[in-house]
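In the two assemblies presented below, chain A is common to both, partnered first by chain B and then by chain C.
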Partner chain A sequence: MPASKSPVIETRGLRKVFRDFWRRPTVEAVKGLDLTINDGEVFGLLGPNGSGKSTTIKMLLGLLRPTAGTIRVLDSAPDDTHAKACIGYLPEVSHLHTFLTPRETLMYYASLFGLSRAQAVQRTRELLAMVDLEHAADRAVGGFSKGMARRVGLAQALVNAPRLLILDEPTSGLDPIGSREVKDLVCALAKGGVTVLMTSHLLADVEDVCDRVAILDRGVLCAEGKIADLLRQPDAVRFEVEGLDEPDAAAVRAELEARTGRRVRQEYPAMSLERYFLQVVAQDGQQRTFAMAPFLGATLSAPETAPTPTSNSLPMT
Partner chain B sequence: MPSKLLHRFFAASARRIGGVAVLAVRAALRTRTVAALLVLLAACVLVLPGVVKGDGTPEGELHILLTYTLSFAFGILCLATLWAACALFAAEIDSARIQLSAVKPVRAVEFWVGKWLALLVMNAVALLVVYAGVYAQVHWRMYRDGWEVIERPVSRHVARPLLPTPREEAREIFADLQARDQLPSGYSERTILRVLEQKAHEKYSEIPPGGRQAWRFQLRRPLHIGEVIAARMRFETEYNTRTQVSGICRLSCVETGRAVEVPLDDFTLKEIEFVVDARAFGQIPTEGVRAFELSFMHTGDPKRAAGLLLRFRKDVALLTPGGSFWMNMLRAAAVHWSVLALLAAFGLALSVCFSLPVAAFVATMLLVLTMVGNSVVQVVSEEDAQKWRNRAGVLVSRVVHSATRRALQAKPLAALTNGERIDTDMLRTSLGWNALLFPLLLAAASCAVLRRRELADTE
Partner chain C sequence: MFPHDGQSRARGLALKQTAAIARATLVEAIQQPVAFLILLSAVMTTLLVPVFQFHRFGEDGRLARDSGLACMLVFGLVLAAGTAGRTVSGEITCGTAAAALGKPVRRVTFLLAKALGVLAVTMLFWLGVLCATLLAERGSAHFISHIEYTGYVMDVITLVLGVAGVAVALLVAAARHYYGRRRFGVSAFVGVVLSQVLVVLATGFYNRLGQLYPLLGEAACLDSGADHAHAAGWVFYHPELNLRVIPVALLVLFALAIFAALATALATRLPTGPTLAICAGVLLLGLAGDSLLIGAPFWSVRGLVAGLLPDLQNFWLCDAVARGGRIAWRYVGAAALYALTCCVLFLGAGCLAFRERDLG
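Take a look at the complex of A and B:
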């Protein structure tokens, strides 16, 4: 992400101390957080339970007040209604009104954005199609599975076509296909210029979609940067060769060891479980079309076939 | 251009308020709250009049229907409104559902007004259903039992005698006591005036045998040719000698100079009413007449009959036609609706500040305190109020009374039962204070709290 882009979220010296009924401090959830998230970035906020991720997000949204420090979101204070009009938020637990149907839920949140009835109806129809809930659009949300409720939650976060999307554990409760769809959606939104801030315990999810990440632990920012930069091992090089048979592989390895004078490790890489799962589901008699495809403006086919078992991966240390 | 922007702003704001209101109505309709309330109200309107035994007269039946049934139904609606309002914000905050709404571009006042409007609409519907049910019952009984025309419910303008206000009377008595150096010692002037004013409201005056009393009236709405005017006197008299009481009432029109005399000899029911046709006052001008004088002369035997005791301000009245009964019921419903609007605003204000159990508890306690406080203020004597152990209680009661006096001063059911038109002043005052000014203050306070309050917790 170019450094020249203007910050969408900026915090300086952000602190949050929770207090009990008698105003005695109980826990310091965030300790002097300096964070900058630029326009169009997909930013991942990582950390173990209790590290202050959700607290930070709630302060960014104006749901909690910082004890100290400053926050600017879309160049405004967090409780500014003009800024809020450009933000979409999916909390960790969807907190939906269980007596409403998905259609009523989306109409309600559309009304909160001041959309006219015609706009709200149109937007609701698009979003229901996007999250593949048209068949259940008029059933009460209270009877939904966690995954279905999550889809409704995701749809409400997009009801205003936000400039900034804040997703707290967006793939929690979703099956692997749903997870993949959400990640695809995040990528598509980012391509469209939407800034995304997401938290997740599933590091693979973050690695798949985020440009930059920050790692929090006990309220302190421990690391921050581009994923590629953070994960790079500067003293190692990996080669991947497809269709190399065993004698050739041994020869290449011997040659490399002779040239570098270092030990070369030879591996047969396995596909990820997610990829394997998606492949099995795709082969199960159906060429699946992702529900989010119409929203993204492209038909997504099932993932391509896995690499052949003869592929070799050769990290050189 | 600015007006177009303004229009768009208000349209968007109205949509947000409408969205919040619709959500609150849906929540009520789909969580059995309204169903439970309707069952209670139906039981109240349909069962209560059959269970409570009247005295067998149409007046008694009307009293049960209009006072007991409507009071009970209104009481149920008061509690339901208060508790429902306490839940509206508190439950949403407790369940964290408000987080999804609070991150949308909705102002605190839009949230508040949306929820308040939802309660107003639901209360209006509930009141209309209750009042329509009672109205239908009145008509059903009227035709079933063949009530006489004079026994049927009516709506009439009420004119009270032109007398000094209680405050003026209190000042007069105070000046008199001061001139005679008979003011009670140990009390401030303010306290004495307050007690005198309280007493002026309820003060009984006696018309002894052989005595005469006259009152002047100015009708708010002129009496026209073809209409009737009724004179009503309520009184207390000694039980053993009330059959010996007799008198002559004389009603005269000041503008035409003509009078009607009505001899009266039945003082056993504590109320006498007689009707006079406007034609009896001679040639009435087309714009009508307003000024009347009513006099009563006690003609009972001074040795055997006791005097009549009357509260002039309350017990003597002239009544003229004042619209239809159902319109009067609508006016009573509007007064009740305004009180419910205030309770809804009060409950919402508590809901913003506390969790649901705490808000419901505080609301109920304050309701009880209001009822007890107003009773205490009326019955406690100044002597008792001065005792040190009563001081705190009386002080709290007086504060509560002062704060709630305007909200509770309208008594629509008493007027409805007495066949008195709920006048526009009462309606305007009740709507203005209860459905507008007090809610406005409570809304301002609630929004200030809502803006400051954190809507999420550590989770």
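Take a look at the complex of A and C:
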């Protein structure tokens, strides 16, 4: 993302100390956090349990009051309702009224954004189709599995077509297909100019979709930057060649070792389990449809062909 | 299409949000089994009092009326405080409050909408128990002097209709749940209230002896006070209900509104249990407010307690309608203002407490 874009989220010296009933401090969840997220970025907030990710998000939304520091979200204070009208929020746990159906839930949240009834009905229909819950649209959410509830949660986060989407553990509880769909949805929204802030324990998810990440530990910002920069191993080079047979691979390897005087490691890369799963599901003859595909304007990224067994990867160390 | 396009106005949005949150609160509250059980207990207790009372000394109607109003106050208090506790404190705990406040909803709007939702539940309950009280008073034994019968007579038909109305409401709710997959709790709660209203309206079609109108002159005249007025000509519709109970019941509703506001305010910081306990304490102290004040200097603990708490004696005037008495509507208006002031003060305190509340 271009660095010149204006910041959508900006925190300076953000602190949060939780207190007990007697106002005694119990834990300092966030310690002097400086964070800038620019317009159109997909930003990942990583960290172990208790590192302050959800606390930070709740402060950004005005749900928790910061002990110290400043927050600007969409150039406004965090509890500014005009700014919040442009924000979609998926909480860590899909907090839903268990007695409402998905349709009623989305209508309820649509009314909180001031949509007219006709707009709300149309938006609800679109979102139910998008999260593949049309068949369960009139069942109470209380009887849903965690994954289904997550889909309702995701739909409610998009009910206002947000400019800024805040997703707290968005793939939690979803099956691999749902997880892939959410990641593709995030990418599609980002292409459309939506800024996304997401947290996840599943680092692969973050790696798949985020432009930049920040790593929090015990409330302290430990690292921040573009994923490519953070993960680059400056003292190693990797070549990937498709269709190289074994004798040629051995020859290249020998040549490289002779030239550099260093040991060259030769590998045959394996696809990820997620990729394999999606491929199997796509090929099992059931013609499984990906619910979000029509809304993303393209088919999802399930692989169409298996990686060639002759691909070689040659990291040189 | 969306508010951030600049098409929405803040006031209209706040009203829409208030309506949506209040409606969700109402539906959530009345579909809870405990809310329905409270309503059912209050209505059935009220309807069955005339059946089981003994040694009445001609005060059957009064006993039925007082029991109904007492049920209205006590059960209503539990319903209002319990609903507020669950809907505010419970939602803060389970996270649905945070989910709503993550949207462009002001905390004040959220809390006031919750209070309105609780008040709506309380009013539905109140309407059901008021109707049951009117039916119970009509159904209890009255002295009548008629061309066919003179003496004490119970209006068994009215009582049976009242109880049958509850049974039918339950059956309809069960059928709607089975065939239409509608929420049983909501159908049952609304159905019971509706059944009592319908039976109250139906009582105008027959007299205490079970004779259907229209009846002419003497035939229509049951010697029970105001009924004489109808003896002159044909009587087509005459409910024979003690409508003087309505102002008394309105005063009880005002008291319940105060409790709803107090419980909503308390629930921003306390769980449901302590909220209920404090409301019960306020009920006891509020009813004893006059006694506390007697002989107490203004700057004393007793004076302070009596001054700070709402004086609930203002809202409990059952005796005023005994022996044909009436409550002036002017008094009801003044009581409404007093109740409104209390509600505003409690909800104002609640908004302040909720403003800085962390929503995890």
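Definition applied: the second predicted complex is superposed on the first by the 311 of 317 C-alpha atoms of A that agree within 3 Å, B and C clash if a C-alpha of one lies under 4 Å from a C-alpha of the other, contacts with A are read in each partner's own complex, and residues count from 1 in each chain.
Definition applied: a residue touches a chain if its C-beta (ideal position, glycine included) is under 8 Å from a C-beta of that chain, and two chains touch if they have at least 3 such contacts.
Small disclaimer: the values here were computed from a predicted structure and weren't measured.
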Notebook entry, point to check: Putting chain B and chain C onto chain A via the overlay, clash or fit?
Noted result: clash
Note to self: If we overlay the two complexes on their shared chain A, which of chain B and chain C does A:F144 touch? Say first, second, both or neither.
What the structure shows: neither
Note to self: For A:V27, using the defined touch cut-off, is the partner it touches chain B, chain C, both, or neither? Pick first, second, both or neither.
What the structure shows: first
Note to self: Just checking: does A:Y89 make contact with chain B only, chain C only, both, or neither of them? Give me first, second, both or neither.
What the structure shows: both
Notebook entry, point to check: Where does A:F43 make contact in the superposed view: on chain B (first), on chain C (second), on both, or on neither?
Noted result: neither
Next item on the list: Please indicate which partner A:L64 is in contact with in the superposed arrangement: first for chain B, second for chain C, both, or neither.
Entry: both
Next item on the list: Look at A:A161 in the shared chain and tell me whether it touches chain B only, chain C only, both, or neither; answer first, second, both or neither.
Entry: second
Item checked: Identified clashing stretch of chain B versus chain C [200-208, 218-226 or 434-442] -> 434-442
Notebook entry, point to check: Touching chain B and also chain C: which chain A residues?
Noted result: 18, 58, 61-65, 79, 81-82, 84-85, 87, 89, 91, 93, 95-97, 99-100, 108-109, 111-115, 156, 160
Checklist line | Contacting residues of chain C [partner chain A, same complex] | finding: 1-4, 8, 10, 12-13, 16-17, 19-21, 24, 27-28, 31, 94-96, 98-107, 181, 183, 356, 358-360
Note to self: Using the touch definition from the top, list the residues of chain A that touch chain C in their complex.
What the structure shows: 18, 58, 61-65, 79, 81-82, 84-87, 89, 91, 93, 95-97, 99-100, 108-109, 111-115, 119, 138, 156, 160-161, 163
Next item on the list: Please name which positions on chain A make contact with chain B in the complex.
Entry: 18, 27, 29, 54-55, 58, 61-65, 79, 81-82, 84-85, 87, 89, 91, 93-97, 99-100, 104, 107-116, 140, 156, 160
Item checked: Complex interface listing, chain B residues touching chain A -> 11-13, 15-16, 18-20, 22-23, 26-27, 30-31, 95-97, 99-107, 451, 454-456, 458-459
